[in-house]
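Alright, structures below, take your time with them.
The same chain A turns up in both complexes below, where it pairs with chain B and then with chain C.
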Partner chain A sequence: MKHSDEYTTHMVADERAGANQGGTITVQATIGLPRSLLFHKYHVLWTSFFEALDVKTVTSPPSNRAILARGIELAVDETCVPVKLFLGHVDALRDKVDYILVPRIVTLAKDETACVKFLGAFDVARNSVPGVRLLEYNVDVANGVYERPELCRVGQTFERSRRKVRRAYDHAKAAQLRHASALADLQDEALERPGIKVLVVGHPYNLYDEMLGKPIVDFLGSHGAEVLCSEFADTAKARVLARKVSKDIPWTFNKELLGSLELYRSRVDGVIFLVTFPCGPDSLMTELCMRSMKGTPAVMIVLDELQSEAGLKTRLESFVDLIAAGKARRLSGGDVR
Partner chain B sequence: MSVNQLPDSRPFKVSFPHMGNYCIPVKTLAEELECEIVLPPKMTRRTLELGARHSPEFVCIPFKYNLGNYIEALEKGANLLIQAGGGCRFGYYGEVQEAILRDLGYDFGMVRLLGGWKLRDHINDFKRVNPRLTMMRALRAYRLALRQTRALDAIEDYVRRNAGFEVEEGAFEQVHAAFLGELDTARDKRTIAEIERRYLAEMATVPTERPDDLLRIGIVGELYVLMEPFSNLFVEKELAKRGVEVHRFVTVSNMVSHGGRKGPEHLADLISRSGDYVRYHLGADGTESVSMTYQLMEQGFDGVLHLKPFGCMPEVNAMAALQRLSREHTFPVLFISYDAQTSETGLQTRLDAFCDMLRMRKQRPGAALTAGPAAERSTA
Partner chain C sequence: MSKGYLGVDVGSISTKGVVIDAGGEVLTRSYLWTEGNPVRAVKRVLAELEAQLAGSDDIEVVAVGTTGSARELTGAVLGAQVVKNEITAHAVGTLSRHPDVRTIFEIGGQDSKIIIVRDGVPVDYAMNTLCAAGTGSFLSSQARRLDVPVEEFGEYALRSKRPTKIAGRCTVFAESDLVHKAQIGHKLEDIIAGLCTAIVGNYLNNVGKGKEVLAPIVFQGGVSKNVGVVRAFREATGHEIFVDDDGHLMGALGVALVARDSGLEAPFSFGVRDVAFETVGEECGGCPNDCEVVIVLREEEYLDGWGNRCPRGMERVRTRVCPAEALLAAVE
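So, the complex of A and B:
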């Protein structure tokens, strides 16, 4: 699909020509990174990349009520909560930086796709947040558009030397991979510790968001549960394992969730599916998972923008109590569930 | 590309979900499997209730209709279900629907077609159903089905544009029904062409009264709710009752013409004619919704109806662009979302208000969108 490639370069060249005549921004520019969606997956890559290029980055603050409220205002009513938060974050950065980085991810591997919101994130932000200046890079591996050249193209707006930009990318990518494996090690340590273990299956942009998953993960921790997060799983391994639950699932990020479920299922005492309303991929994936959860206690928690904390805490508390009681009974040699 | 499980014993009784009148060409294809074909009963409220009861809570509405169709077909004795793939969530329906139906205790086989619309990819799946199937036969049936589809779309396009102005109520519907009856049994290209010609001529003789200041409305949005009238609460007929010339561009004929190898080219074309409201493909029909709306505005249409299942992400992406387009160009766009609870009365009130507003704008050109926030953002 040659056209998309050409199209990208064309549009971007077009847009930047207006911003500066020379093609490279010589005056020090600041790049905003919205703390939402793919930030939670790629933040190490982005920050180290721009740091290596001596470009200043600004990350929006952790999600808060004001950001969510602004996001709800800007978004189409039916948008999923993470995208509402995303728009809130973009708006929070709008007046503080020169450009905001928004990746557009279509496919990360052949025969897979990303959720449609990542296809549209760039255009949605452009159309929803008035007066916003965006920098985008496009990843569509199935059609030959890769992350390295695309991100390097973005880098070249700030640094003329191609070699320097490429080196910055390679350095940043290595840092990202190191970061991911460090997280995986932490996860393995948690598995070794005694006590009840709960796996929380959810997208990173939900799990680590201050308004969505983080309070839940913290709450579980404060109730004596060891929390494992689905995202830490080894991606390549996750893909293979995912096939055990679903043969057809097309979404890359959901494959990672399914893989982690398979990886940890037998080693945890309970599973929590954390879903945001009305997530398309998760609506189907969670249905299939819940039907396959024979034996391990599982609960599905749907978060929306009108969360009632009391109700949520009661559910989490009773879930933890339930699996703790089950585990105590099993350890004392009593009846098996 | 996967036949997952065939029923234990023959004869197979094949069934597939409804979508508009396309069961006619799909039946032509299915006949090549040399199995008994069990059409699901006509859609009713029960179809939706059955589907919704057993579906995930916030899955999009086509899933619920499909599941309802399957349950009703299984009740009628079908034992081999077919699910076609598509972009977005559509492509993943099959596996989850199969799990749900098995947990309900039904015994059946399912053919899940993944990987788009390439006939060659699916042939091997179907060879397991009917070993006598050959590429030649399949291709012949495919061409025939496509010809039927084109005839069907041509006739229905004519009905959409003219039914609003018929003098005698139900005149077009009568001709349409007769056409469907003949098309259903036509099995060679020449007959199909002849039927299409004859009925187009017959429709041209149906007396109509077209006022000078008629309203022209385009319908854009997600393919299933656009093409299955029961799921969109017969919105096209409702518009016709209000004296509107209705245009729709999402049809199976167009999807076939714009699919496959021509896909990227078509998308690039849509994007280049979207007034810069889209720069990248938005997924599924999203790009087309924005681009068509922009083009219809340029062509002087009075307004656009945007239909989608509740929570449909490609169309939600498109809505961000459409809302901005509507605001910046003061161009009326009515957004309608369908779920299992969407009420007919609510829809009718909104259509009344929308049509009234368009008529008032016609009398006072340049007037603001007097329907106010309803035209900008809302869900039925």
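So, the complex of A and C:
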């Protein structure tokens, strides 16, 4: 069994690291990847990129109570739970690595924006976690700042050859895309299986976090539901479909979530909206989605840092019971609606 | 000797128990306050049920179901075959009495829910989230403040001709508004009627938000005993509101039915009420998660436990709580 406070390390062969004479910086440097926020979206890109550059990465352990408690201590009260967890993760890596990678994502498409926490994560971490050394890269597509040159700039800190760095990026990006399409395929397969299918709509940093969504996703799975995650949906398809509901959603990630709901809604038996307190974009978007559900059972679960589990199990259990009963009824020929 | 099925619903405020026969008829019923001690409340319910059964034919309880917020604990104590969440239990119980119901309103001591039923199958539900505004405990605290027995709240409300407008969004605001309305001279019954209207408005706008409320409507839970709230619901929805005399027992009835239909049977003795149960809650301390593990002891021996995220947590706490048992295991 995997111990919960285990750090995941991506090692590189020692002799190769040592052979890289005259590199721009210490070749032995290790890079910390906080297991929070965008890690859940970009972990394949980041780990394969640094692996290709022979740079060791260390990922913080899955969220636990100590990480959350430290994050709450470091963060301003009003920030959302994911940001508090993020700061906890940065702190957990602080003494274990030389640098911690935190991107500054401003825009990923024209006329759209990322949630402010992705704009601010770097600066918030720099100012909130004492003594932390960070590596940043910026993405602001609307203003001509792209991921490839920016991540390559980070890569050049460790590898002088531009060509090598670019190759590492292209290799990593391809790995990320392969990973995403494999997940989308798995999900399509899951849709074909019989059983009860529940779509969980939520940001990956909520869905996969050990202290937030993961127990919920596991609980649903252990109660016989086939769990589909909005995140695995084909992003390109989702973005097109989102326009059907609303043409001017400014938040890139929310737009993708909305689109995934459109993509899957007719093929699932129920939808769970997983949001963390007090997320602004989510509170607006979930309301919009709930109003458009038209008959598909849906429930909204709001998670907060207080970890109060009262009622949570009741909600999930009864939700699964309810859609199972509805499905049995539909299969036996009766029309529920 | 005929078969009986026991259903127990342990809520935050009250504990309910029924024994039904194979046909689903309620043979005995018990309803009393939980008073913050679910195990003691369940034992008292068992005593009441057994006393009522003593007079009738020989009934042998062959399956037990538990529901309500203390369902896990009660399930362990009673050795229940079925432990079910209260939403499913309420839906099953209500449908057995009102097969044509399409909307179930339920307001209990600490939570309120709405269950949407279509063609005899629950298809959607909602539960109050962070806020307990407009639930039974709010009503009883206001009753205490106004010095009116909560049981008479409804009659007071019915006497009112001009219900006072009360801000019902939040208990804190509602309470200050209540005080204010009393201070500027509104009548007690008008204020109480206003409170009932506010609770209904709050319920329909929060719990019932976005749900299609179709008749027939059944209203249950402790607050359904308040005729003032029933009237306010009738006025707000424009439909007749059915309140079953056994409305407060629907969870217990439902879970007894689920136990009956589970096909699982095991001998059950009412003597369990004389057995000493103890619960111990401890933080594991094995990893940064520090799970709060609860262990139930039966006559000082481990019976059941929960709250651990991993199996090691249970091991650790169990060894600390029952050292003798661990010693025995080590010897073996």
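As a convention for this text, the second predicted complex is superposed on the first by the 310 of 337 C-alpha atoms of A that agree within 3 Å, B and C clash if a C-alpha of one lies under 4 Å from a C-alpha of the other, contacts with A are read in each partner's own complex, and residues count from 1 in each chain.
By definition in this document, a contact is a pair of C-beta atoms (placed from the backbone, for glycine too) under 8 Å apart; a residue touches a chain by one contact, two chains touch by 3 or more.
Note that the coordinates shown come from a computational prediction; the quantities given were computed from them, not determined experimentally.
Engineer: Mind checking the superposed model to see whether chain B and chain C fit together on chain A or clash?
Structural biologist: Partners fit side by side after overlay.
Engineer: Please indicate which partner A:A182 is in contact with in the superposed arrangement: first for chain B, second for chain C, both, or neither.
Structural biologist: neither
Engineer: Just chain B (first), just chain C (second), both, or neither: which does A:T79 touch?
Structural biologist: Once the two structures are laid over each other on A, A:T79 reaches chain B alone.
Engineer: Does chain A have more residues touched by chain B or by chain C?
Structural biologist: Between chain B and chain C, B touches the greater number of residues in chain A.
Engineer: One more residue to check, A:I67. First (chain B), second (chain C), both or neither?
Structural biologist: second
Engineer: With both complexes overlaid on chain A, does A:S283 touch chain B (first), chain C (second), both or neither?
Structural biologist: In the superposed model, A:S283 contacts chain B only, not chain C.
Engineer: So, A:R291: does it touch chain B (first), chain C (second), both, or neither?
Structural biologist: Both: A:R291 reaches chain B and chain C.
Engineer: For A:L119, using the defined touch cut-off, is the partner it touches chain B, chain C, both, or neither? Pick first, second, both or neither.
Structural biologist: A:L119 sits against chain B, while chain C stays out of touch.
Engineer: Touching A:N127 in the superposition: chain B (first), chain C (second), both, neither?
Structural biologist: After superposing on A, A:N127 lies in contact with chain B but is clear of chain C.
Engineer: Between chain B and chain C, report the minimum C-alpha distance in the superposition, expressed in whole angstrom.
Structural biologist: It is 7 Å, taken between the nearest C-alpha atoms.
Engineer: Both chain B and chain C touch chain A; at which residues?
Structural biologist: 1, 3-4, 291, 302
Engineer: Give every residue of chain B touching chain A within the complex, in rising order.
Structural biologist: For chain B paired with chain A, touching residues are 2, 56-60, 63, 88-89, 91-96, 99-100, 103, 112, 114, 264-265, 267-268, 271, 277-284, 286, 310-314, 316-317, 319-321, 323-324, 337, 377-379.
Engineer: What does chain A use to touch chain B in their complex?
Structural biologist: 1-4, 7-8, 11, 75-80, 104, 106, 115-117, 119-120, 122-124, 126-128, 138, 246-250, 277-281, 283-284, 286-288, 291, 302
Engineer: Quick one: in the complex, what on chain C touches chain A?
Structural biologist: Going by the criterion above, the answer is residues 69, 84-88, 91, 111, 118-119, 121-127, 129-130, 210, 287-290, 309-310.
Engineer: Which part of chain A faces chain C closely enough to touch in the complex?
Structural biologist: Counting only chain A, the residues touching chain C are 1, 3-5, 64-67, 215, 290-291, 295, 297-299, 302, 310-311, 313-315, 317-319, 321-322, 325-326, 329, 334-337.
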